[in-house]
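In what comes next, chain A is part of two complexes: it sits with chain B in the first one and with chain C in the second one.
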Partner chain A sequence: MAEAAAEREWRSYGISRRSTHTIRLRSSAALAVVTVLAVLLVPPLVQLDQQAVDLAAKLRPPSWAHPFGTDDVGRDLLLRCVYGLRVSLLVGVAAALTAALIGTAVGATAGALGGWVDRGIMRLVDTVSSVPHLLLGVFIVAMFRPGVWPVVISVALTHWLSTARIVRAEVLSLRSRPYIDAAVSGGASRWRVTVRHLLPAVLPQAGLAAVLMVPHAMWHESALSFLGLGLPTHTASLGTLIQGARGSLLVGQWWPTLFPGLFIIVPTLAVAGLAGAWRERLNPRRRSELTL
Partner chain B sequence: MTSLPWGAMARLAGRRALFALPVLLTVTFGVFAIAAASPFDPVKAYAGNAALGADKETLDRLRSNLGVDEPFTAHWWDWLASAASGDLGWSSVMRQPVAQVIGERLVWSTLLCAVAFVVAVLLGTMLGVLAARRPGSWLDRTVTSLAYVLEAAPVFWIALLAIWLFALQLDVLPAGGLTDTASEQVSAGQLASHIVLPAGVLAVSQLPWFTLYVRQGVGDALTEDPVRGARARGLSERTVLLGHALRSGLLPVLTLIGSRAPELITGALLVESVFSWPGIAAATVEAATAVDFPLLAALTTLATAAVLIGNMLADLLYGLFDPRVKLSEM
Partner chain C sequence: MLELRDITAGYARNAPVVRNASLTVAPGEAVGLLGPSGCGKSTLARVAALLHRPDSGTLLLDGEPVRRWRHRAPRELRTAFGVVFQQPRLSADPRLPLADLIAEPLRATGEGKAAAERLAALTTTVGLTPDLLSRRPHEVSDGQLQRACLARALALRPRWLVCDEMTAMLDASTTAALVAAVEHYRRSTGAGLLAVGHDHVLIHRWCDRTVHWKAPSS
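Moving on, here comes the complex of A and B:
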């Protein structure tokens, strides 16, 4: 009797959890799809000029004609935000891919070679990770002057550490598997074992790390741009938009600041939600693990 | 707790300091290597606008005087030697010795970070416990989703919106600075009203992760045997929650407190520059914009040292509060 009650309670608990999670999963997926579609489709389909200046309609609050309002020279903010998101996402994806490549290469080298190479590399990873990311990024951008590539490089150089750690741990656990022993005793060289047998097995993990890194990279880019150390103003990203809106904020116009920020939050939440659902599917017992 | 094991704590701190030294050396080396690889020209930076009209001979003389053509390892070594004697070079953007810039500004940054951190820890613990008490309740859902949204929001954006709301619309708090522009001296009252917004925003940016981790830690602890035992003995809900669940639930969070130092510094960097708070982080941005290498190098080293100290504090706290861990074995 009591067991049945406990069973029922457990069941209902599970179902309620699952239903909230599908809501979270579905809304995340919908947000991600909308973001990607907006970024991919709006520029070629909508024949509107994001730079179109209309001084007669400057700093208009949100209305039907301009859902997000207009900025200080009368440009439509919705269009500016979509184009800004495009730039931010592009920089984010490029930086995340570069970071994941560096991290995979370094982590696989450390894991596959082992010994003092491994110890040396991991010491280096620990050292780099004790410098605050944004500060290191600011330093790199300052030395190489603001621009698209310095920003991508500075974000990539500060974000490869987590991927390197994940890939190394994964390679270390795979190395003791029988199929690797079989390959080694079959006479495969170290290089062949690493490239043909170890790397393909760690790619899903590295890929997940790269996807999770995109919002981080976007955040990093927007912070650099906001500080005036990121992208040049003519390739407006979300950070540049917020930076440019500071003047109008101080005279009370809130919309040029609010909307670009929302455009940073939405993709971040979407990716976090999707990654959380993915992790749950891989490992349901760690349901409550945080995905920050 | 009767008395603190000072001896073991000091030994652990000493061991960590020994490990920290090579890390700091490597970081400074890396900073000089990046500078050497960059297209930045120290001669032009030194001469400023005068470099435009100068003939090649003068520039060459300047070049050899500044030792630009020497390898960067030599520069690094010289810098280390003078840094050891307290001389960190001259900051061109602040027109002061670097050591003086840091000395004047460090106190304001530390104050801002400390206030923000204490607020974040207290508020985060409270919200986390409230949310963990009834998992799945509307309170839990509100707190959790709000935490996720705040975690995703850029801190400089929150800061700007806070200025708009509290300084412009409601006109209850000053928008930035350390004191009113008219006043000459820094008084406690002025400081208190000026620190509310920056520290509040910095606290809000640190709040989400703390709340979520406390919620998870306390939530896990509530399902464990000691809590069940305490409930079975008929202890009050309050004692169970605060005396049993919170105590064991906070342990994993304690280690995280120290390791969040990089995020705190990153947050301070952005918050200080939005609120024109005269701290170290705002100086970093100015130094970066003007490519003031001596100041940048010193500040990067300082931030790394702060992160290492944070890690050490986390270890110490963990050793003190978790009876299963012995300080002498860490």
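Moving on, here comes the complex of A and C:
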């Protein structure tokens, strides 16, 4: 009994002392929880119409009735921001997951097969990444009617490259380990070696890449919507909110742009903090960073 | 009969590690391969176990030349070899508990149903206690892990055993136990053995015949 407890303490030592006690991790976790709860709970629990127009109360500054103020047709900005965050987060998570899946599949194929397949795939990756990805994203999204899924496809198809590179590099370094030789000698097929030995080993890295991709994908959704190419203007997303409020910024009305902007920054910081702590656990010697 | 003829093998195109090496192992025979570090013993062992494609030379298995290596080699040929490597830490998948590690070749070749029974027999052969089987590689000692690696190599009842410095990292008693387990297996099945090492005393006592490589063959 005492032995088991001692063992548990020994195993959890690294987690409890090194990372969970940092302020950064705790505040990031709190922000992430608040964001997710707001997005999941507010729409079903609060019976308010985010599209309710009240022209008598248009462009009011923040007050008790409207904590974030109102927009140019009198819609409550707090409610619009929460609904917008909901759409942006959906796009971000869906696009990041899709990108990570494509990247992992492509990277694992290149790394596990090697040879000319690897060279061919990686030249394709280089080619795609030589095109500015916002430009490519605009091109892809312009082929469809405006909506959530074209934006997801556009962001996913331009963001799988880094995951593919990470996964390929990991697979290449693992492939020459003796335990892979032992698996080959034990009769394992290529597929079995990949699925049983290689992919489980790269999943933490691929998962980290996917998590770091979520805020990046949100930024891209906002950028595309801001350019008028992403979501239709009546769908509240953080990008469409900022785009709609552009005009009023010049006449001194700061709240319709500031609050959606903050709603982009807060989840970004939360995810960056959480992913940074995760990476420090995976690889304590390397500093964590978020690339946007 | 396992015959290596004029094998030249290496990792960079113009710098072979092994040049024109020849070696034969008859069924039931134990051949030792001795030599200094870096002379290509392990590379030859990997070639012999169909894990590394040589640049030139032929490998004859029961008179038939082998043309394909690693995944391209037919599964029956690959699994005819049981391989034990020098470093147990690197030759065990860190995510698999020892039970899965040992049973992995059985599952990979579609014999998963017989795994439990075979696992019990194998662990007794190599001297592992059942309580170790649920542990992962980082929770056992090098000696225990090497025992598990030997059990994995024996799982498919190979006709040839390739032990690449199997005992280099181990203490005397574990070495004795592992060598005894290999010899027990060979007596009961008549398998051939290629033992690579640089412990002269051990290899001379263990093997019927010993081959000495002098300097790096460059």
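Just so it is clear, the second predicted complex is superposed on the first by the 264 of 292 C-alpha atoms of A that agree within 3 Å, B and C clash if a C-alpha of one lies under 4 Å from a C-alpha of the other, contacts with A are read in each partner's own complex, and residues count from 1 in each chain.
Going forward, contacts are C-beta pairs under 8 Å (C-beta built on N, C-alpha and C of every residue); 3 or more make two chains touch, one makes a residue touch a chain.
If you're wondering where the values come from, they're calculated on a predicted model, not measured in any experiment.
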| Partner chain(s) touched by A:187 [first = chain B, second = chain C, both, neither] | second
| field | When both partners are placed on the shared chain, which of chain B and chain C touches more of chain A | value | B
| task | Once the structures are superposed on A, label A:32 by its partner contacts, choosing first (chain B), second (chain C), both or neither. | result | neither
| request: Would you sort A:177 into first (chain B), second (chain C), both or neither based on which partner it touches? | output: second
| said: Quick check for you: in the superposed arrangement, does A:211 touch first (chain B), second (chain C), both or neither? | reply: neither
| message | So in the superposed three-chain picture, is A:126 touching just chain B, just chain C, both, or none of them (first/second/both/neither)? | response | first
| Inside the complex, what are the residues of chain B that reach chain A? | 23, 26-27, 30-31, 34-35, 38-40, 136, 148-149, 151-154, 156-157, 160-161, 163-164, 168-169, 175, 208-209, 212-213, 216, 219-220, 261-263, 265-266, 269-270, 273, 284-285, 287-289, 291, 293, 296, 299-300, 303-304, 307-308, 311
| message | For a test of understanding, state which residues of chain C touch chain A in their complex under the given definition. | response | 46, 49-51, 70-71, 75, 78-79, 81-83, 85, 87, 90-93, 95, 104-105, 108-109, 149, 152-153, 155-156
| chain C-touching residues of chain A, taken from the complex the two chains share | 177-179, 181-190, 192-193, 196-197, 200-201
| note | Note: in the complex, chain A contacts chain B through residues 16-17, 20, 124, 126-128, 130-136, 138-145, 215, 219, 222-223, 226-229, 239, 242, 245-246, 249-250, 252, 254, 257-258, 260-261, 264-265, 268-269, 272, 288, 290, 292
